[in-house]
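Look at the two complexes coming up: chain A is in both, with chain B in one and chain C in the other.
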Partner chain A sequence: MEKLPKLFCPSSVAVIGASNNFGKLGYHVMKSLVEGKYQGEIYPINPRGQEIWSIRAYASIEDVPGEVELAIVAVPAQLALRVLEECGRKSVKGVVLITAGFRELEDPGGAALQEEIREVAARWSLPIIGPNTFGFVNLPFSLNASFTSEFSLLEKGGVALVSQSGGFSHLCGFRSFDQRVGFSKIVGLGNRCNVDFPEMVDYLANDPDTQVIALYIEGMDEPRRLLEAAKRAKKPIIAYKAGRSERGDDASRFHTGSLAGNYRIYQGAFRQAGILEVSDTEELLDVAKALDNLPPLGGNRVAVLSSQAGPGMIACDAAEAQGLTLPSFTPGTQDRINELLPPLAIRTNPVDMGPAWYSPEVTVGIVAAVEQDSNVDGILFLATYASANLALMKTMRDYLKDRKSLKPRLEKPLIACFAAPPAIWWEEIWAMDKEGVVVLPTPERAARAMGALWRMRQLKLAE
Partner chain B sequence: MEKLPKLFCPSSVAVIGASNNFGKLGYHVMKSLVEGKYQGEIYPINPRGQEIWSIRAYASIEDVPGEVELAIVAVPAQLALRVLEECGRKSVKGVVLITAGFRELEDPGGAALQEEIREVAARWSLPIIGPNTFGFVNLPFSLNASFTSEFSLLEKGGVALVSQSGGFSHLCGFRSFDQRVGFSKIVGLGNRCNVDFPEMVDYLANDPDTQVIALYIEGMDEPRRLLEAAKRAKKPIIAYKAGRSERGDDASRFHTGSLAGNYRIYQGAFRQAGILEVSDTEELLDVAKALDNLPPLGGNRVAVLSSQAGPGMIACDAAEAQGLTLPSFTPGTQDRINELLPPLAIRTNPVDMGPAWYSPEVTVGIVAAVEQDSNVDGILFLATYASANLALMKTMRDYLKDRKSLKPRLEKPLIACFAAPPAIWWEEIWAMDKEGVVVLPTPERAARAMGALWRMRQLKLAE
Partner chain C sequence: MERLILEVEALRFLEQEGLRVLKSSLVQDEEEAVIAAKEIGFPVALKLLSPELIHKTEAEGVRVDLRNEREVRKAYRRLIETFHASHPEGELEGVMIQETGEGTEVIVGALLDPQFGPVIMFGLGGIFVEVLGDVSFRIVPIEKKDAQDMIQEIKGFPILQGIRGKDRGVDLRSLEDLLLKISDLIERYPAIVEMDINPAFASPKGYAICDARIRIRRGGSHHVL
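And now, the complex of A and B:
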């Protein structure tokens, strides 16, 4: 597995089964590499083609004059063994085997063929992503080794998603355009011939581009190995376990050839290994974004500061449901708030900043005071922006931008929930997102993300 | 309360406290009326102004030559009583009292002033929305009687939101731009001087533009009256109860002057009255959208049809957690699916249509067969679209559009979860939304919306 860094960051890539025909996966893999602006050498391999995607093609990988570090294979299953032998002889460092038709089939011939693949790979010490995968994307390296060119459009960030389902990878990736999560890598493990979750966790634990590891798991053959890798890793790991229901479990067996197994056992194992469980696609993305962009939550004492009372109340409900508490402020902070806010609304935690609607300085003054309060571990800040309070948004934006350069640096997470109509407002709001704070669209999601930081903290304390 | 139809659909509106000064609420109310293209007469009222928003102003509402049906009042609290007397003498049919500073104050003078307001209103038989409200928007009538001009940008549809919190109304309204919910009205009740939830439910039950009534409740003085109104109404009602936690409950009392009260009691009462409870902002919007656009779910037997196995498995997990079941298909349907799909993947419910990736006709054939299956009450259809399968999207769009004109009409809900990268894809996808089907962004949210249809069905059966 020492070849994995070369597999994910190769200096040259061959596409075996490359094609100019839109109906072939090899067409889309070429599109991903070219449109994704991969900077290394690209070698299309196709027995017939002279040029594919305007790049010189070769009949076999063994005809390529230079070295090939990564081979992406999209040929029919019956050709896979021969192609892998060629890859071995060519000394490639790793393979993405997109081809399907192995262990996921009802026909036992599929599993037998996958076993042969595994043996050839072992003989040549070839790490294989797949088979039965869409591939992977390595965003900081501008390498889209998948059949989905749109993965190159994803935002770069510190989240690595490792998934047993290509469908889930696409769902998460595409959903992240709205949720504004930045990825280092998205990797589809497919049938996990010899690169499985533990190998990926070990690799990503040492990947400088990755800050958070997110796993989508249907079923595993050797869960213990994952747990050991997770304990070794010094980065936050979150996991979404599918196949929790009876029908889902049946489906999992067909899909990836593994029994999904008893969900309770997975839950216990995740806890032991310090893996934070999530149970919803959007939650996975929100929590990954929060872990990637915020400091750890030191305790469970949260301040709710809301420009409108209703959303503040909702945040309280959701925060308490997460095991968070709303402490009283220290007398100094409370005095400061009482100076700033008239007694028109609730001034204790949760603070209703409604009366400060037209006074951006008051809002920012309260946030600044509460952030310094020793009774407070994290802040939920909620505001609704429309044409009447544009000034508040601008002042808040400036405060949040300046906040990054505070000395000493504030090591408390601030999660903001902003609601605004479309058009210019959202550009202004997104300009604040991930600048040391995280923006989420509802009070409940903001509170749940804060709750996840707290659960992660508890897992780490228990280790 | 027989004046409520005039209050919500007035032929003329006076804005008392209208202003040309951006810092005043009366400026923003004028902006909402003018930019919202209200078709009736607008009378700005301001002792100083000759013209406000280029419209002739009057010093008092009593100086207006014609009739005034609705008065929107945005003056300081100490002037409110005098202004209401003037409104009474002018025979207005209803008032939106935006002014704050009444029962929501800690100072008992606030509650006393509100009681005086109530007495004046009773004397003149004046229904009052507020005080302490942003107002309301009546979208099919192009009347934005609020201080937030952006409410005019909301999509028109059958959902009426009645909210005790202006912040929540703004949150929901602005969030709906993403969630694509269509509204008939959004009404901020504020302190509920004499128009409270029961009055609104009675009015909306007879409002031809409203198909679904959504309530955001913090606390009520007379919950029984709401339950009676809910039982009378022949439209689906959903409710979100805030102030469920200890801190949230405290905050509620300050915010609207009502004790939020014991959450369990509300839960039981909702169930008795056939009101479906929701517990999350996005869920409220998803469920309202589903109820507004789909036929009732006749039973709890759901088919999961997924272009990718992983999201299908997630939908199964989420559906079972909602009390939905995944039945076997009738032999006829199963035979048809076996004809259409090769044995490469799971062909029973949940159907993995992965092998049909490049064959739009197969996908559509399966959906059409399953929709006719007598074992199936509702359908969750999941698909991920990217450049490789544009054809599938187009064929599916055509199928869903044609589906509306099927004879006999299909009375089974279909909820679709589509994931796609930005740009053109989403325009194509949204072109399908609410055309007899509802599109939601994740399998979990699709399954939860289907679960809500089932809970609503059970509530109706229990009545």
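And now, the complex of A and C:
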């Protein structure tokens, strides 16, 4: 799989089955490449030649004058073998086989055809993403090798999502516009002809653009290979496993056999391999975002700082349910908070900053004091808009800007929950989010993401 | 082709492999039962061994906490009579006399999963495993850290730790050792398809295996099985 770097960062791409007809997948792949501003050479391939998307087309990939590193194939299944042979002869480095109609079919002919594809691919040492995939997007490389051009609009970041489902890739991608998760890559593995989870984990572990590897797994033929790859990888890996209802063998007279549901073994195996399991789509995105943008959580002691008592109480409950604790502040920090806050509300951890809601400087001053506290490993900061505190986000943003220039930089994760009506605070929140702060929509989700940092820390300590 | 290894045979095998099992002896008559009970030390348990009896307690095939020779003789006769009354044609292998175990019941299992290969399971015995399914899995081989995690991640872990200082916690090191030894055993005997060690007793003094059943593929490499 030494060709995977070329597959994901090719200097030239051919689209086999490229088309000017909106009703063909080859049209949409061309749209993704062109609108995604791919910087390399694009070669549309269509038996009729002519121009496609105003780019000169060729009848066959073998007619292309220059080298082709990546071929995106969107032709009917019965043509796939012939096209792959041509790709092999052209010394293509990798293929995205969007074409469906293989192992996913009920008809056993589909699986047989996929086996033939695998043999051709092996003969030419050709890595194939798919078949039956939407493709992939490599955001830092401005390469959208998929049939959905809007993936190019996603923010760049350090999260690589590897998904067994195209639908889930789209779901996560589109949710991420709201949740502001930044991606390095989103890859749809499809039927996993010869590029499967372990190959992707090995590749992404060495991909400089990727900080966090997120996996969506339905099932695997050889799960042990993934676990070995995960143990080798030095980056955080999170996994969302679907298909949990499969039970153990009810007919087994052994307790072990009747309890050994496939999902339960996955759960144990994930822990063994240092993979952090998440249990829903939102958690996958929240945790990926937190791991990508925050330093590791050094311990499980968190401070809850809330501009209103209620959300703070919710955050405390959620944090404790995650195995986090709320320590007392050091005397120095407590003195500073007592100077800033009148004795009208709780000033110990969790701090109710309610009495200071009209004073952004006091609120941010408390955040600053607690950041320095050696008893605190991470901070949950909650604030809701209330007209008179309009200036809070600007003050917070200025503080973060100043903080960035601090030496040594604080290595403590801060997860925030800021709520405001449309447009108010949003500019500041968007500017802060992911710059030392991760903003999530509710106290529960903020606490859960902090809990995930702690679980990841424990998994890493175990290695 | 598969075969079940049960009771005395399973315990012998595990003992040979260096695991601690409760002292057990298979006898064929009442006099042997008394001698065996005296050797093992009272109180003892009696278990009727027969292919007819899969779930022994339900079938009234077990007598526990027998404190002297008289109780052993009485229990022995009752077991045999009850068995012959309910299974007139029944085949009887004998009666197992066993040392009385002390502590918290735990289960250790192993299984050859079609995708994962050999896996190992840990949980507390009784309702914890049967009703709540409170168990943890790992793939074999496991390391010491995995054994610790398996024990700590079950919901019933506080029971092993000892409740509010009233009870001393069980010897967790010895449980880790049990899991590591079973992991090692499963690796060395690929013929083992499925295994329940249920129960083993865990106490501050260590663990001791009370009962086990092992399903093996015939023609496997293992000569003992």
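Assorted remarks:
Definition applied: the second predicted complex is superposed on the first by the 444 of 463 C-alpha atoms of A that agree within 3 Å, B and C clash if a C-alpha of one lies under 4 Å from a C-alpha of the other, contacts with A are read in each partner's own complex, and residues count from 1 in each chain.
Note that in this section a residue touches a chain if its C-beta (ideal position, glycine included) is under 8 Å from a C-beta of that chain, and two chains touch if they have at least 3 such contacts.
Computed from a prediction, not measured in an experiment: that's the story for all the values here.
Legend: residue contacts after superposition of the two complexes on their common chain; A:223 is shown touching chain C, with no touch to chain B. Contacts of A:264 after superposition on the shared chain: chain C is touched, whereas chain B is not. When both complexes are overlaid on chain A, the residue A:272 reaches chain C alone and has no touch with chain B.
Contact comparison for chain A: of chain B and chain C, B touches the greater number of residues. In the superposition on chain A, A:427 makes contact with neither chain B nor chain C. In the superposition on chain A, A:149 makes contact with chain B only, while chain C stays out of contact range.
In the overlay built on the shared chain, the residue A:313 is in contact with chain B alone; chain C does not reach it. In the superposition on chain A, the residues of chain A contacted by chain B and by chain C overlap at 252, 254-255. The touching residues of chain C, when paired with chain A in their complex, are 54, 107, 109-111, 113, 115-117, 119, 121, 123, 129-130, 133, 135-139, 142, 145-146, 149-150, 153, 194-196, 198, 213, 215. Put simply, chain A touches chain C in their complex at residues 220-224, 227, 252-257, 259-260, 262, 264-265, 267-269, 271-272, 462. Contact residues on chain B toward chain A in their complex (touch as defined above): 23, 25, 28, 31, 100-101, 104-107, 147-150, 153, 163-168, 170-171, 174-175, 177-178, 216, 218, 242-248, 250-252, 254-255, 280-282, 304, 306-314, 316-317, 319-321, 326, 343-346, 349-350, 352, 354, 358, 382, 384, 386-388, 419-422, 441-445.
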